[in-house]
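One structure is given below, encoded as structure tokens.
We call the chains A, B and C, going by the order they appear; numbering starts again at 1 in every chain.
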Amino acid sequence: MRDRRRSRRPAALLAAAALAFGTAACGSGSGSARNDDPNTLEVWTRSNPDPAATYERVFAAFTKKTGIKIDYQPVINFDQQLQSRASTKDLPDVMINDTALMGSYQGQGLLKPIDPASIAGHDQITGKTWSSTVGIDGKHYGIPYSRQAQTLMIRKDWLQKLGLKAPTTWQEMLSVAKAFATEDPDGDGKADTYGMVVPGSAQNGYAAWWGASFLWQGGAQIIEPDGKGTYRAAMDSAAAVHTVTWMKDNLFCGDNGVTQPGALTAVTSTATNFQDGNAGMYMTGPYNIATFDTTPGKDKYEVVPAPAGPAGADVLADGENIYFGARTGKTKQEQALAAFLISPEGQKLAMTGKNQPVVRIPVNSTLDAAKVRDDARWSVVQKAYEDASQQFPNAPDFAPIKQDTADALNAIFTYCGGDVRSQLGELNETLAGDLKDQDLLT
Amino acid sequence: MSAPVIDPVRPTAPDTPAGRSTKAQRTTPARFDTALGWNDKPSLAWALRILLCLIALAVFAAPFLTIFSGAFTPNPSGSSLSFLPHDSTLLNFKVAGERGIWDYLGNSLVIAGGGLLLQLVVCTLAAYALARHRFRGQALIMMLFMMTLMLPEEVIAIPLSLVLGDVPVVHLDLKGTVWGVILPLGAWGFSVMMLTEFMRDIPTEIEEAARLDGVGELRMLWQVVLPLCKPALGVAGVLGFIMIWDQYLLPLIAAKDPTDYTVTVALSILRTDPEVGSGVVLAGAVIALIPSLIVYLLLQRSLVTGIAAGATKG
Amino acid sequence: MTATVPAPAARRVFGVLGKKAVVPWLFLAPGLLLALVFKFWPMAKGIWLSFFDVRPFLGDQWIGLDNYTRVLADHRFQDAIGHTLVLGLGQSLGAILLGFALALLLEGQARSLKILRTAVFLPAVTATAVVGELWRLMYYPTSDGLLNSGLHLLGLGPVQFLDNPDIALYSTMAMGIWIWAPYNMVILLAGLAGVDRSLYEAAAMDGVSLWQRLRYITLPAIRPALMIVLTLATIRGLRVFTEVYVLTGGGPAGSTDVWMTRAYTLGFTRNDIGGASAASVVLLCVTLLLTVMVNYLRKRGEAR
């Protein structure tokens, strides 16, 4: 008894002392971030400071036009911050973030359903683009904002030197890759060049992100809707086995130098061989164009459509959507902002300027990316998006599915002696489990 | 670390370098100065030491030449190494500056300065209680402090974010203020543990003598105990600074605005920025590592200047 | 701190319990308070979440031990246990031994030694992400790579340091040792600085060998520093994460996946916060157990 009192008393004193210390130290602490002014929208984007400056410009134009103020917050650790705000049941009014997050956010009840007809200018977005924002229950949960598709970046000067043409099929791509690796395209007399760059790590699902285009081109799907609102895992199909076997045999377990060294642990920030001038091809998104114009140099490479596989030339498309936070009660203002963001004016502002653009391929079909940017290469990307692209299914929470696919692909490409069919069979069971966790398994 | 002039209660503890070099060196030759008894005179052992030092230098420091050379090279290759810049330029630093690295460095300096001061004070006080007093629950308290090191901060990120937005009881919003980063760093289990270990090793005779002279608790800590564990304080200073400097998640959680970011956050932003090359990232890395290096240089003396012979072991 | 204590209350407390009992708590107060608000409270919440299906907006659902059974039954977590033990143990022991060797080698007052110590300390002051990139370059798997060009001179073929699943874990370990050895060196140097020099002198007069001098004078005298380094290794060893994350991301084929990279993937790329919390709590319990054990062994050692 005596002992317990001994420790409780000082504790009370400490609390008093701490209070004094705390108030003295942080008396200047500002008020709450939340803005209850109906004429101010809190908008979050997942952006670094430089692209955030582009958003600032866009929002300033919006405020000038409509008088609706924007409390803009660029956030780096978006999901963490969003979760902590979600637990206070007070979400940002508008969020702009990856298309792939829609299923996850909707599953957590974070999003407001959207009626496309309520957004002015909705008819300037194509039906295909709108269809990518349909959730599990058939309602729309996002408004398309920016899109992109993968294309092949290839060294023009190397092709010329070796007397080759840009590849249009997998086989041609493979022989160009081998030529790049063995015929000394940079002319320094050393065998220090590689065919293509692959961010093949499983980290953050990169292997699946990069490999998806090949899967589409080989006629494979990761998961397939069955038309009844549920899905089945599809990685054990003959097309998937064939495609993954082809990739493994030719790109990872075949001749040396077809892919860059270290491909299996590379992520996009470490796969710099194209910039460094020692790899000749890179299937990637158009945001790299600015980087590659500096190194290896604008005159040294070109942007071409992805080579076709047995089932076509479809590539992975992705992008950003505009999401409305659930239960925020500023619907009119939110709709006005969305209408501005997808309008030709809003889209153009976000594609130009001295900071990094935040819209790659405009969702507004009246705009031509190549014209707005005055750069013909963007029409290759836009054409790829419009005519030959598929997104990951966004209605389910795709993150676990992508991660499991990446884990499996990375393992298959690492162990050349493995049996692809049985490894993909295992993956398929895992994917079925992921779907089951979401109650989406057929 | 404001290095105050410490006036030892017992003048027999010559803890200043001057006292050491005049008194200790006269009585003990250099070969009694190190555990291995290194000698300054050319000999086989001397040659061996130089050889080993060169190897250590090559292993631990040489790779950094590539960071420095890359920072001064216009477009360093990300997939090959060079020890000297090709044609040196300050362009990378200029670009890093345009991306705001100097402002972020300013934030970092404020946070690291304030955070380290708070951390040293808080941890020293706690360590003094744990090392020099006996009370119930001592082992438990020690374990609690060590537990702060055990749970990965990613797990506590979301709850911590809530706490920072609305501190329990006092209801303050620390987000967007430097306090949001500084206060959570105040109690660092490692410093508490280390200072406790070192303070425990101080013989009780010294303390008892001072107590007989009527020295109070604070003065005891400040004038008797602290001077005797300077090396430990030095370590706590250096490693504490590095720990605060390296914080990535905490400044992000505590930030309200990109202008609140620190240089460590800025470095990761540069790495994912598609428009800047690896040269700019390396320039950022060089800028980011210099303050820690300066702190190390400043505190280095307290790390290796021991307490003079015989003073502590009564 | 003491200034805010209300005088009459303080007098009464001091009167009843004696000043001695209160003093340590006053000294502990700031630390405990900061830890309580910014560490223990979030930590308790994190642990609490491990029993829920975490859906912050819809309301978390209590699912008992489901997160735990799911994590412990996941074969990828099971595979990670072995990697974690090998990496944690190898890295910690390697860094302690190498750090001790460095401390012994670089102990001393000469100016050249100061410069050397600063240079050797560079790995500890550099952002781990940058260190990761540096090592990816050193490990570059063709004969252009720094380490491979060295091997090439010896007539050895290029080694796939990171892409070979049999080697990647050890490559990661080497980098971990490289990062943490200078860190341990600093702590051990501080220990060496406190060794009574007159003991060395006395030992020399008795004519003891270098080994005996190390064993019977230096090692006992730097016991606090050694304890710190060991405890730190216990706490940090199993938590190993950043080193793996920046170098291999757990790959190739999960061959460097450790417990925390698994937990991180669960929490951040799969949005399974409950599962990630459960995985972390398991780690916390194991670490706590280990630390208590180390403490117990040490107390027994001291009693002897």
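In this section, a residue touches a chain if its C-beta (ideal position, glycine included) is under 8 Å from a C-beta of that chain, and two chains touch if they have at least 3 such contacts.
What you see is a predicted model, and the numbers here were worked out from it, not measured in a lab.
Asks: Where the centre means the average of the CA atoms, what chain is farthest from chain A?
Replies: In terms of C-alpha centroids, the chain at the greatest distance from chain A is B.
Asks: For the chain pair with the highest number of C-beta contact pairs, give its two chain identifiers.
Replies: Per-pair contact counts point to B-C as the maximum.
Asks: Using mean C-alpha positions as chain centres, tell me how far chain B is from chain C in Å, no decimals.
Replies: Chain centroid spacing, chain B to chain C, equals 15 Å.
Asks: Roughly how far is chain A from chain C, centre to centre by C-alpha average, rounded to an integer in Å?
Replies: Taking the average C-alpha coordinate of chain A and of chain C, the gap between them is 34 Å.
Asks: In whole angstrom, how far does the Cα centroid of chain A sit from the Cα centroid of chain B?
Replies: 39
Asks: Taking each residue of chain C in turn, which ones touch at least two of the other chains?
Replies: If we look for residues of chain C contacting two or more partner chains, we find 21, 25-26, 30, 32, 56, 133, 140, 144, 268, 273.
Asks: If I count partner chains per residue in chain B, which residues reach a count of at least 2?
Replies: Answer for chain B, listing residues that touch two or more other chains: 78-80, 158-159, 162, 167, 183, 271, 278.
Asks: Where in chain A do residues touch at least two different other chains?
Replies: Counting only residues that touch two or more other chains, chain A contributes 6-7, 15, 83-84, 87, 270.
Asks: Within the complex, which stretch of chain B touches chain C?
Replies: Going by the criterion above, the answer is residues 24, 28, 31-38, 40, 49, 52-53, 56-57, 59-61, 63-64, 66-67, 78-81, 121-123, 125-126, 128-130, 133, 135, 139, 141, 143-152, 154-156, 158-160, 162-163, 167-168, 183-184, 186-187, 190, 192-194, 197-198, 200-201, 217-218, 221, 231-232, 234-235, 238-239, 242, 245-246, 264, 267-268, 271, 278, 281-282, 285, 288-289, 292-293, 296-297, 300, 303-310, 312-313.
Asks: For chain A, which residues count as touching chain C in their complex?
Replies: The touching residues are 2, 5-7, 9-11, 13-18, 20-21, 79, 83-84, 86-87, 89, 91, 104, 108-110, 192, 201-205, 261-265, 267, 270, 326, 397, 399-400, 402-403, 407, 410-411, 413-415.
Asks: State the interface residues of chain A toward chain B in the complex, per the touch definition above.
Replies: 3, 6-7, 15, 19, 22-23, 25-26, 28-33, 48-50, 52, 73-74, 76-77, 80-81, 83-84, 87-88, 260, 269-270, 272-273, 275-278, 287-288, 290-291, 294-295, 356
Asks: Under the definition above, what is the set of chain B residues touching chain A in their complex?
Replies: Contact set of chain B toward chain A: 75, 77-80, 99-100, 136-137, 157-159, 161-162, 165, 167, 169-170, 172-177, 179, 183, 249, 252-253, 256-258, 261, 265, 269, 271-275, 277-278.
Asks: Which of the residues in chain C come into contact with chain A in the complex?
Replies: Contacts found on chain C: 1, 4-6, 9-10, 13, 17, 21-22, 25-26, 29-30, 32-33, 55-58, 76, 133, 136, 139-142, 144, 160, 162-163, 165, 168, 245, 247-255, 265, 268-273.
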